[in-house]
Amino acid sequence: MAKKLMKGNEAIAEAAIAAGCLSYFAYPITPQSEVAEYLSWRLPEVNGLFVQAESEVAVGNMIFGAAATGKRVFTTSSSPGISLMQEAISYMAGAHLPVVLVNIMRGGPGLGGILPAQSDYFQAVKGGGHGDYRIIVLAPASVQEAVDLMILAFDLADKYRTPVMLIGDGMIGQMMEAVEFPEKYDPPSSPDGKDWPLTGAKGRPARIIKSLFLDPYKLEKNNFDLAATYKIIREKEVRHELYKVSPKNRVLITAYGTMARICQTAIDELETEGISVGLFRPITLFPFPEKEIFDEAAKPNIEVVLSVEMSMGQMVEDIERCVKDRKPVDFFGRTGGIVPTPDEVKNKVREIVKSRK
Amino acid sequence: MAKKLMKGNEAIAEAAIAAGCLSYFAYPITPQSEVAEYLSWRLPEVNGLFVQAESEVAVGNMIFGAAATGKRVFTTSSSPGISLMQEAISYMAGAHLPVVLVNIMRGGPGLGGILPAQSDYFQAVKGGGHGDYRIIVLAPASVQEAVDLMILAFDLADKYRTPVMLIGDGMIGQMMEAVEFPEKYDPPSSPDGKDWPLTGAKGRPARIIKSLFLDPYKLEKNNFDLAATYKIIREKEVRHELYKVSPKNRVLITAYGTMARICQTAIDELETEGISVGLFRPITLFPFPEKEIFDEAAKPNIEVVLSVEMSMGQMVEDIERCVKDRKPVDFFGRTGGIVPTPDEVKNKVREIVKSRK
Amino acid sequence: MAKKLMKGNEAIAEAAIAAGCLSYFAYPITPQSEVAEYLSWRLPEVNGLFVQAESEVAVGNMIFGAAATGKRVFTTSSSPGISLMQEAISYMAGAHLPVVLVNIMRGGPGLGGILPAQSDYFQAVKGGGHGDYRIIVLAPASVQEAVDLMILAFDLADKYRTPVMLIGDGMIGQMMEAVEFPEKYDPPSSPDGKDWPLTGAKGRPARIIKSLFLDPYKLEKNNFDLAATYKIIREKEVRHELYKVSPKNRVLITAYGTMARICQTAIDELETEGISVGLFRPITLFPFPEKEIFDEAAKPNIEVVLSVEMSMGQMVEDIERCVKDRKPVDFFGRTGGIVPTPDEVKNKVREIVKSRK
Amino acid sequence: MAKKLMKGNEAIAEAAIAAGCLSYFAYPITPQSEVAEYLSWRLPEVNGLFVQAESEVAVGNMIFGAAATGKRVFTTSSSPGISLMQEAISYMAGAHLPVVLVNIMRGGPGLGGILPAQSDYFQAVKGGGHGDYRIIVLAPASVQEAVDLMILAFDLADKYRTPVMLIGDGMIGQMMEAVEFPEKYDPPSSPDGKDWPLTGAKGRPARIIKSLFLDPYKLEKNNFDLAATYKIIREKEVRHELYKVSPKNRVLITAYGTMARICQTAIDELETEGISVGLFRPITLFPFPEKEIFDEAAKPNIEVVLSVEMSMGQMVEDIERCVKDRKPVDFFGRTGGIVPTPDEVKNKVREIVKSRK
């Protein structure tokens, strides 16, 4: 298929359709309302369904219900809206429901601002809702990758019967890039061949989808099942990308999403100054590339690991945990919608390098 | 004042009044509805206010509004109810509002069960809502400590203008113990002497309480202010308790809340078998006793650190982070409302000790 | 088309589809939840849409939005649920939106009971919402008539751009009768050929659908437009049915819906006793057959007009208004889910006749 | 007590306090938000309670709960807000709960406008909610009368255990007039001496307040009890006022609320032209002064009865019903926030008189 110039928000919407997902529930919030706008006319074209609910709380419960039918289902929102869905996300995780959530993060906390941020890392990765659950979290760094990861998100959700969140920032939603979609779109998703969806019990025993288990042994069993799934996910689904990683690197930058692209520019420019820096970009935030980061950070040439984020420092805690005190971990971030520039990143690296001489 | 035999839920309620908090907003949910039942007749006696809202979402916004007046305000709920407040908690943190939240945790995820659990550690400590914020989290291990920490919670909330969460499990709510309240109750809290509450702008410039800052530099400034506060909190407010910590210990157990008391029983019994085990009990979960745990774990006699939790393993990630790979960190937990018994803990310790011979 | 044995609730559902209405929004409530159950599997078969909203308030606003697209839309509920939609009904009337509402009435006020009643006459006919609006109200007396009036309801809604309510009681929902549907179902309704729906403004000036007019002259103009429509409706859409009306009648019974059928049985039996009674059954409650009732009541042979209702007396006020003091108007009713029996009606008539000798 | 110059909205608020009502629940809506603003600082002064709920639906249920405690309770709103309370009003009527509601009407239907109207007559008087219930409706024509009727409203609500609505228009809310309050304010209302409120069941059998009666005989019994109350109300609580009613009158104007005052001006001016017109002003809209209107209208000198309203014609239907075809009933009204002027009323009367020569 030919490449097409598209905004990130629209590409995300189209990618869901490409994945055979024709059911979308949402409540508008800047900076991702364009997804809803696009789907409001696009879904009817493909015989799909878009319900604008009365609030994000309602959205959370609608996608629970829709996912229970075994069809592919998704929603999109931004930070405060995602907070309102935390109860429902915990319910869906507990009920083993596949569903895709997109968080185009804006600056927080509270109403905050409408400009890009990466300050919902903790919420997404550590579990903003209650109980022992995890969700898969994917962080694209380009519009094309947003498309690819959206399609992957639906596959992973189905495969592991779990909520999957694609986490981006306002930049990726607004950015326009050439994207390629699959030659053949997936047929609309169907409950066929699955043994759990609620499709009407005619001619077979009834199925129940729930997260309530008043018998503690059954509830613990459910938690063991979830944990077993998370174990497999940690083993099989870790994804990351390296950029200019070499034995000459003195500093290893870790960054995800569009922040990583800005770091690439900084790395390219630092190279011309003779400062060799590598980039480790986690693509999956959960499962987190724990061993992979440790291995890169442990390499003898690396003097410092630097986590660059559009936050006050969230992923850096996981970096520290993974690096296990073998190397100093430093942090650079801006917040509130301010995006660190390549120059700021370069200055930070120069400082680090200078201080170690 | 003479000691009084009280249920934990009721003692928590009475402690709020002792702290001069006469404003309570809540929506009932097992296993902490007794707080609301108690306050429904107790608050009128002291001229206080109890509003039962139509949902936990409404509660979250009501306590935002009430806290903005500079009076002490609190709510209580249990896991799913706390998830529904995540947006409001982020808003209150962003708006620098002092408020006390109590989470009497039940088994999750989802509706889960109504029996005790500690599986909301991540949500409480890492931030279930969006944005760069933290809340102080206090974990009492007895009814008396619940009373003391409730009073402290209001003081810390006021001092740092931040939400503070007291986190317990169903056991602490149902447990009956002798408790002592302060000789003199605090007078009902008042906005006097504070320069930020909304008390009517007659005769002075208007004040604004908000979490919305469309100018990114102002939003980042707000995040810097919050971060500065969290830094002070990390320096000054760390609390923990040691039990039978000695140079003979081979294992260091970490546990919080009522789980720690069960571990004490196990430790006492292991002692008679000649297995020396110490207990590190974090009282503040945020700020986490990072250095203190490292110091204890780093002692040469400690062979293994064992995190015992009523969860699939949440605090253990922070223990790993603090122990920094100096010692192996092991984990034991039960979930779904099943409370690990002293025997189970002893068996786990015996296994560890045996494997290391 | 061959006759088919169907329950009233299901026949109402199927009739909507026959009328080309494939968009249904509802929240379940006894005694009409079967409509939702039926449509939950039936609408997907015909490529239709059913959204179960989170409350009747949400339903009211969803049908507002859906109706604005120019497609046929309907909801069903029972008394308390209809009360929750009063704001939305007023909004839809003010915005000239065609929509069909079905109220399968249960005993009230408040939660009342789940058995049949006719006690929402005032609400439906006089306007339960605020402002100068009316809605067309249709009252079927059999399952076949429910089908026919459902199809008519959509036609009238479209023709006059107004909400139309079909009002029944629990009996008509539960009754099983042979029904006939049109040979050819209407094609799914479409906005084509209408000059007001919101279908996307590409290539034409934007349209606005609203009930807010801050300029009082524009708001009054809107009220004049509505009033002009109501005037035409009063002139053209009055429907009623007579049963055994003859110059021998001494009493004229007025009754609507299933209550009228019970009165027919009473009338048949009274005839064998030599007491001649006629029945006037309004089919449209708004527009009310004012002149027609006056004409029948004014006939010299009629001594008394008797309004029989499953209520404490609601339509009787309109009967009095129409009869204009020419004849005494008497009333018989039962409430709370108790349906007046033919014997009770006969006794009431015998009493009336005896008292006039 | 000395007279005090006050806005209607504020006088209504103060009158509630004078009546010993210290519990107020509301959601702001133009044109009566000043009541809430006033009470937000005034109620704390008298140790009262104001909860701003999250919506009018919530308000309706909060006043249900508060009224169940036997204390005096009230809310204020405007047209769309009152529509949102229809379910709750029906519930409170069915549960025999005393509560006072104030509707400062604005132009409708739908969002309409924010200027004065009288177009919620049907909703208030005929019952906007479902089921066989009525509420007492009081219509003041001056700020002083608003005060007096507010105090009466609480007395009637208590006496008959029923919701009572004070219905005004935006003018009465904004009008500033000298008002007098009672010398001695009522003490804060209390449940003492009442045998039904929920005050805690210690030492006595539990009480239940509900509107749900699944046994139809019990539900009908509840309806009979309500009807018996309404019968007494109709006998004892009818209130009206005559203005310049004399045997010289050729026309009898009927009007309520501030509309009646404008008609008085017109009547005064018509008098100077030699056209004698009397005014019948219903003060209670339910119970409606049926016999009293009939008696006045039936007087031989009256040629025409003219209903003047700020609506498309609502009360006029009750006038017709009461006049029983003895005299022609004519109507004049403006809507949308446009208030009929004395000149318009005079022109309408002149036309009528001319046409009858």
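Chains: A, B, C and D, in written order; residue numbering restarts at 1 for each.
Going forward, a residue touches a chain if its C-beta (ideal position, glycine included) is under 8 Å from a C-beta of that chain, and two chains touch if they have at least 3 such contacts.
Source: prediction; values computed, not measured.
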### Task
Same or different, please, for the chain C to chain D contact, judged on whether over half of the interface numbers appear on both copies.
same
### Query
What chain is the most remote from chain B, judged by the mean position of CA atoms in each chain?
C
### Query
Rounded to the nearest whole Å, what is the centre-to-centre distance of chain B and chain D, using the mean of the C-alpha atoms as each centre?
51
### Query
Hey, how far is the Cα centre of chain B from the one of chain C, in Å?
56
### Message
Based only on mean CA positions, could you tell me how far chain C sits from chain D in angstrom?
### Response
29
### Two or more partner chains touched - positions in chain C
none
### Task
Return all touching chain pairs.
A-B, A-C, B-D, C-D
### Message
Under the stated contact criterion, what part of chain B meets chain A in this complex?
### Response
57, 79-80, 82-84, 86-87, 90-95, 105, 107-115, 117, 119-120, 122-123, 126-133, 210-223, 226-227, 311-314, 317, 320-321, 324-326, 334-338
## Note on the structure
Listed in rising order, the residues of chain C that touch chain A in the complex are 41, 47, 49, 51-54, 58, 61, 65, 200
